[in-house]
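Across the two complexes that follow, chain A remains constant while its partner is chain B and subsequently chain C.
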Partner chain A sequence: MDNIVLLVVLPLLAAFLMPVVARSSEVVARTLGLSVLFISIGIILNVWSQSGQIDSQAVSIVIGGFLPPLGINFYVDQISLFFALAVPVMVLLFWPWHRATSIREYSLMMLLTASASGLILSGDLFNIYVFYELLGIASYSLVAIQGRVSAVAASFRYLLMGSVGSVMMLLGIAIIYTQTGTLNLAHLSLLAPEKLNNMLGLASFALILTGMGVKAELFPVNSWVPEVYGSVSSNLAALMAGLLSKLAVIVIVRLLILLFPQPEALQLMGMLGILGVLTGELVAWRSRDFVRMLSFSSIGQLGLIFLAFSIPGEMGMMAGIAIALHHMLVKPALFMLATGWRGAVENLSGVARRSPFVVLLFIVLILSLLGIPPLPGFWAKYLLMVGLSSQDGFIYTLGMIIVPLAMVIEMAYLFKIVMIMYRKDNDEPAVNNSNIVDDSNIVDDSNIKVVQKHSKWGLAIAASVAAMLIAIVLQLQPASDKLLSLANQLSDRNYYISTVFPQIHTVRMQSIK
Partner chain B sequence: MRNIAGLLFAGGLAFLLLVLASYLPYGQTPMFLGDAILAHAPGEVHTANIVAAVLLAYRGIDTLGELSILFTAAAGVGLILGHRSLRSDSAGVNGAVNSEQHSGFITTRAVDLIMPLLMVVGFYIIFYGHVTPGGGFQGGVILATAFFLPVLVRPGTRIEHGVITLLEGLAGSGFILVGLWAMFYDQPFLQPIFDSFLGTGPLGSLWSAGSLPLLYLAVGLKVGSELAGLLVTVSEVPELSETNISDADDINRK
Partner chain C sequence: MSVLDDLLLFTALASVAIIVLRRFAFISKFSVVVYVLATVLLIKMSALGYGGEAVYSSFTVNVLGQVLQWRFDALSWFFALITLVVALFTALFMSGAWGDKYRKEHSKEAYGLLQVALILNVLSMLVLLASGDLLSLFIGWELVSWASFMMMALNPDKVARKAAIKYIVYAMAGAMAILMAIAMTYNMTGSLDYVQVMQGMAQLNNSQIAVLVSLYAIGFGIKMGVIPFHLWQATAYAETPGAGAVFMGAISARMGLYALILVIVQIIGLTRVAAIEIPYTFLDMQNALAWVGALTTIIPTYIALKQNDARYLLAWHGVGQGGYMLLGVMIADSIGTAGGIMHVFNYATYQAALFMTVTAVIYRTGTSNFSKLGGLVTQMPLTFMVMVVSIIGLAGIPPMNGFVSKWLIYRALLLDGQPLLFVAAVIGTLGTILSVYKLVHNTFLGQLRLEHQDVREAPLSMLIPMLGLAIIIFATGVMPGVVLDWVAAAQIAIGIAPVEHNLGGIELVQGGLNMIWVTGVMFYGFAVGAIIFYFLGGKSKHIHQYDNYAGGHFLTSKVRYHYSNHFYAGLMHLIGGWYRNIFIKLEYALVSLVSFMSQLSENFYRSSQPAMLVAAIVMLALWYIMSADGSAPVLVQGLQGGMSK
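Presenting the complex of A and B:
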């Protein structure tokens, strides 16, 4: 169980060693990174199989031998373990295999892995900030070295926005620390009803929400999204849209549950979610570029997730997790399909005749994204609507109107693409047969008119995602049971506190308080 | 959309800061963690410098994270500045710097004299980090200065990046290996080790605080090599030539 800390430490070790090893042998250095990812997956699977207890019981892992709240702990429950597994798996899937770049890019990928795992596992507010910052800097660098000039510009804007965000988050954490004098999440949660249930608490939540929201594509701080996803490779875009945004969301939700009991915090998040849905879908509808469309649709989906999590009670929690997991599967697959379809939507006319199988995959994926029964996306949205209808309050009523509206807009632009794909065209666009885009040259995105071929790897990922969606439909009952237990564990404050501070300790804490 | 979002963002931020300014009770902060650590640290960690106890023992994994942030930033800057689109035709520009064009006799000699002294000060601050105020971060910065001064007075000197890469890699892994060493004894990661041959001296002596001085040495070397590497990378960036300026324009237009 203590091995869990290796999920963060081993990738860091690999990242530090890779440039050194690469001086003597580049092959060994690359193998080092990959083998660390495999070891990480092995560790998690081992924990999962060895102790079936994780299903019922969470564990707090002490680092450095100092009991919380003095020391730092990692908190391992079902959802953090699940995301900790998703990190190495998805990094492995979207590893920059065939790009001939410096070994430092692989090193940055390892740092990204380590920080993502740390972010989801950490049980300490400041430790979360450190990993969030590391995640940010690793992703700015990865975006900037994508080889296009537009990527450097996009990365710079992303850097500005991200830095302002992390300063705001740090300010929020500082306020919490001045109010409570502690940083451990469980200890804070113990003190929160008394010390953070006021305007200052709300203000610090707003600061942390906007800070973390930069990665989670939250409404006012998401203008980097289309630019960055449009200028990086599909692999990195898939990783960022699929995994990193969800990690930020889950951490925000965890902080919300543990530290901020006030209903205004939920309403604030719900409102920003609704604005995100509206702006994301409307701009996606108007955009002419396929990748940009996907990026804006991603903003819309993240807005839905925030709206779902803002519903109090287990229904909202279930809906939020369901939409998050669903988007985590579908969006990377769509980005993998987008490898071959970069550029304006009009260029896609007639692709259905040339590659019918790929277009079929695309249709399955977008049907699920839209929420057409019986695909999993429908059940996720169904949960959201049921959750919304069970609440009264302005935000939730507004949500009841906005969500179907967003679905209609989404349907309009996604089906428009399908129509274009099935259109007969007379002039065939030139097909570029090389799989590898020459990234070292400065490529102007708007000038790419050629339709490139899909990589086999990307198609395999997209196909397996589609297969998984259908498998979930067949296994709906077990899936929803699992979802319910995830939601229950995530929303249980007292359970979190008692896991980190076993009984005797709790008594002592209260006496100190 | 971007303008509206920006306006909302700025308005919200201003409102937040107003709320904070009016509600924040200045000067009455609960010191739960601070008091507890002050009470426990000398007994548990045996460091005279409590800051070292917090940095390396109680919040050791935060320090590891911060080292990684520094490493990431340096790697990112190295990759971006070393990129071909910025480097194109740079060989000529860099070679054109006259190696004779240095900063004059007095400055050069003074730097040659100061450099070893700076090294000593840097290592002193690192080694005594657990006893006196100071430590790996501060000492590391001084080491980086000592390394960079000779480069500064002799522009155009070619620096071999190999040593820096080696040092930053090994120092970072050193920190982690000390942490893993504790796990080898079935203890949590980064637990301070007080062994027979590690520092077991009385509180306040150089040979005290167990494995913490080792960690501080790793931090110092890491910070020093990282900053030195960054400074050298920046100093090697070619001056803007015609092609580079057009690239910059290209960026601006987007």
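Presenting the complex of A and C:
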């Protein structure tokens, strides 16, 4: 169990060692990086199989022998273990194989892995901040290293946004520290009801939300999204939209549950979520570029996730987790399909004739994204709608109206693309668009006629995602049970506290007796 | 395994088989066999049509605390019967010459996809009709929507594509309204099972009911194409490839009526709906819905009057006829609902027949444009006959079946004391009569065009289903009791007193209807006329098709004259000013609004200094939060304390 720590340590080590090793042998360096990922996956699978009780019993791992609240700890429950597994798996899936890149990119990928794992596992605010910063540095550099002028510009925008965000987050953490004198989440959670349940606590939540929200594509701090996704390779975009945004969301939700009991915090998040859905889908409706459209749709979906998590109670938690996991599956698959379809959507005319199978995959994925029954996306939307309608209050009523509208808009633009794909060739002249991005490493902005071939790997990913969606439909009952247990574990404050401080639990039990 | 299991499983397996085998030539015969077998399975459940107990599927799914289940009651059985019979006739129609031509003009794959779309539509409709709770209803609903979309999208033309995308946007909006309503129903009543929801509805107050009814009505109404959601339907159905249009036009939109009857009439109950007064009007909600139905009979029918293409004219009529059904159901007495439900059957038969005749004309001449047709009666007499029988049904004239259901609706309106609605319905019927005359005149009457002199009668494979439908139209017109049996059973299932009927028609104290007598008297009259003209020396003279006058001038047979352009010029002079395209403008305004909002949002994402903007906003907000609360000094004190140390 304790070797969970290796999930952070090994990739971090590899990140710093790889450039050094590469000086003598590049092959060894590359193997080093990949083997670390495989080892991480092995560790988690081992933990999962060894202690079957992780499903029912969370574990707090104390690091260095100092007990919390003074020492630092990793908190491992179902959801964090799941994401800890998802990090190396997805990094491996979206590894920049085909790019003739320098060892630096690999090294940055390792840094990303380490910080992402650390972020989801950390049990105290300070480490969360540190890993968040590391994650930021890794992702700014990964965007900038893509070698295109537009990518550098996008990266700079991203950097500005992210830096302002992390300053705010630091300020928020500072406020919490001045109020409570501790940074351990479990300890904070004990103190929160009396010390943070005020306007100051709300302010610190707003600050942390803004800071973490940059990665989570939260409404006012997400204007980097379209530029960045539009200028990086599809692999990196898939990783950022699929994984990193969800990590940030889960951390925000964890902080929200543990530290901020006030309903205003939920409402703030819900409101920003609604604005995200509305603006994201509306802009996507207008965009004429396939990848930009996917980026804005991603903003919209993240807005839905925030809205879902802002619903108090079990229903909201289940809806949030369901939409998050669903989006985590579907969006990377869509970005993989986008590899071959970059550029203006008008250029996709007649694609269905040339590659009918790929278009069919695309349709299955977007149907699930739209929430068409019986695909899994529908059950997530259903939970969201039931959750929203179970609450009184302006925000939730507004959400109840905005979410269906957003879905209609999303359907309109996604199926406009499908209709273009099924158009006969030469029906209408293709638009010459200079804003076309090539997925290879060529630094060349000339008018490349789009519709290149999809990589087999990307197609395989997309196809397996579609197969997974259908498998979930066939296994609806177990899937919904699993979702319920995830939601219960994530939303239980006392459970978290008693896992980290077993003695408090026993003391409480005794006092009850 | 119940019979319902067999039916659903069989249809599902047949869909898979048709998807796999779609490129083979025998697929057309195969699909006919499939629909025959499915109909046989349905007939095995025919006890439902005569008041039998509901049939439950043994298959259930537990998900998220809900139990999804499927069942058939008399109402579902009635709709399923119509669906399968129409599908059978459609499959017959496309199995022969029409299918061969379609294969040749497009491809084997295109024809196969048409078969796939047909079976998927049938399967999804059966799933919808079999739904046993609101969640499975929604699943079936969405499946039907997307299956229809697939059927429409098979036509690769630009107009058809646009119509299909417009349809699916409307359908999605409707589905979202239903999803909202279902979520609210769940929270208000604590369940989604029909029986429990029905019990839970009793506890709700009027405003809750009003919200639910509006949302459900919008959702189901969009599918039916009622005012003001009528714009999508006609183009979408008209542009569906020939045989597909037959099926879609006849039954697809009726799924909206089924769900509306199920949810608003059966589960919520019209007495609850009638108790809701709409402020600032003299209407209650039930009357408002009835008026929506009445307006739906009028406006689309008069739009149909202006169409210059036979397919569009029929499709617009389909929208209008939906209004009669809604109107009938919303009267809520046993006669009105019987009329509304029966009209679904009658409408399906004559609409399918009409679309078949138009498709046959297109098959032979290549067009359905009125200005390129005319005089075909000499070339295609049997097709003409089928069209005449069907338009008599559509116009609601005895002895065809359309008369019976419309009579029921009129009768119920009069008995219910609704003279204004009655007048509205009559205005709608007037428009129907005018436009069906336009249809038959511009296609079949007048002088034959030169290029159509070699046109022959429609091939036998197309004539057989057409004639079959014509026989059904006539037979159920003479003996409406056959259909009324099923309708009465459906009425019991939805909790309304069944209509008193016998084989010939309705038994009613205030004056019933016996179609056997009506038909007998009519034919007696015809017989008397025929005897007078042919045997007792009455004057009759055979006139050649080209022997006519125009504006008093005799035209030689070299000048072909057929009056089809600007038909009803005099009438249009009177009512032309009423066509103002209000709904098209409304739709346009909505799209513009979305576009405007979208540009506003885009401005945000294009701003050059987003970080600074956000930082400034957050800082201002924080300053506000902290100054509004007394806790701000604490922070300052804490910091000062730290410094002093």
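Basically, the second predicted complex is superposed on the first by the 480 of 513 C-alpha atoms of A that agree within 3 Å, B and C clash if a C-alpha of one lies under 4 Å from a C-alpha of the other, contacts with A are read in each partner's own complex, and residues count from 1 in each chain.
Everything below uses one rule, namely that a contact is a pair of C-beta atoms (placed from the backbone, for glycine too) under 8 Å apart; a residue touches a chain by one contact, two chains touch by 3 or more.
Just so we're clear, the structure is a prediction, and the values are computed from it rather than from any experiment.
If you put the two complexes together on chain A, you find that chain B and chain C bump into each other. Contact with chain B, but none with chain C, is seen for A:Val152 once the two complexes are overlaid on the shared chain.
Look at A:Ile372: by the touch rule set out above, it reaches chain C but stays clear of chain B. Of the two partner chains, chain C is the only one touched by A:Tyr422; chain B is not. When the two complexes are overlaid on their common chain A, residue A:Pro226 makes contact with chain C while staying clear of chain B.
Contact with chain C, but none with chain B, is seen for A:Leu278 once the two complexes are overlaid on the shared chain.
By the touch criterion defined above, A:Leu388 reaches chain C but does not reach chain B.
In the superposed pair of complexes, A:Leu45 makes contact with neither chain B nor chain C. When the two structures are aligned on the shared chain, A:Leu360 is found in touch with neither chain B nor chain C. Of the two partner chains placed by superposition, chain B and chain C are both touched by A:Ala206. Judged by the document's definition of touching, chain A residues 168, 175, 178-179, 198-200, 202-203, 206-207, 210, 220-221, 223, 279, 283 lie at the interface with chain B and also at the interface with chain C. Chain contact summary for the complex, chain A toward chain B: residues 2, 5-6, 8-9, 12-13, 15-20, 23, 61-66, 69-72, 102, 104-105, 107-108, 111, 114-115, 118, 126-127, 130-131, 133-134, 137-138, 140-141, 144-145, 147, 149-150, 152-153, 168, 175, 178-183, 198-200, 202-203, 206-207, 210, 219-223, 279, 283, 440, 442, 512. Listed in rising order, the residues of chain C touching chain A in the complex are 61-65, 135, 138-139, 142-143, 146, 153, 156, 158, 161, 164-165, 168-169, 172-173, 176-177, 179-180, 182-184, 186-187, 594-595, 597-599, 601-602, 604-607, 610-615, 617-618, 621-622, 625-626, 628-629, 631-632, 634-635, 638-639, 642.
Chain A makes touch with chain C in their complex at residues 157, 160-161, 163-164, 168, 175, 178-179, 198-200, 202-203, 206-207, 210, 220-221, 223-224, 226, 278-279, 282-283, 285-286, 296, 318, 367, 370, 372-374, 378-379, 381-383, 385-386, 388-390, 400, 404-405, 407-409, 411-412, 415-416, 419, 422-424, 427, 476-477, 480, 483.
Residues 1-2, 5-6, 8-9, 12-13, 16, 19-20, 23-24, 29-34, 36-37, 40, 44, 57-62, 64-66, 68-69, 71-73, 75-76, 78-80, 82-85, 162, 165-166, 168-170, 172-173, 176-177, 179-180, 182-183, 187-192, 247, 250-251, 254 of chain B are the ones touching chain A in the complex.
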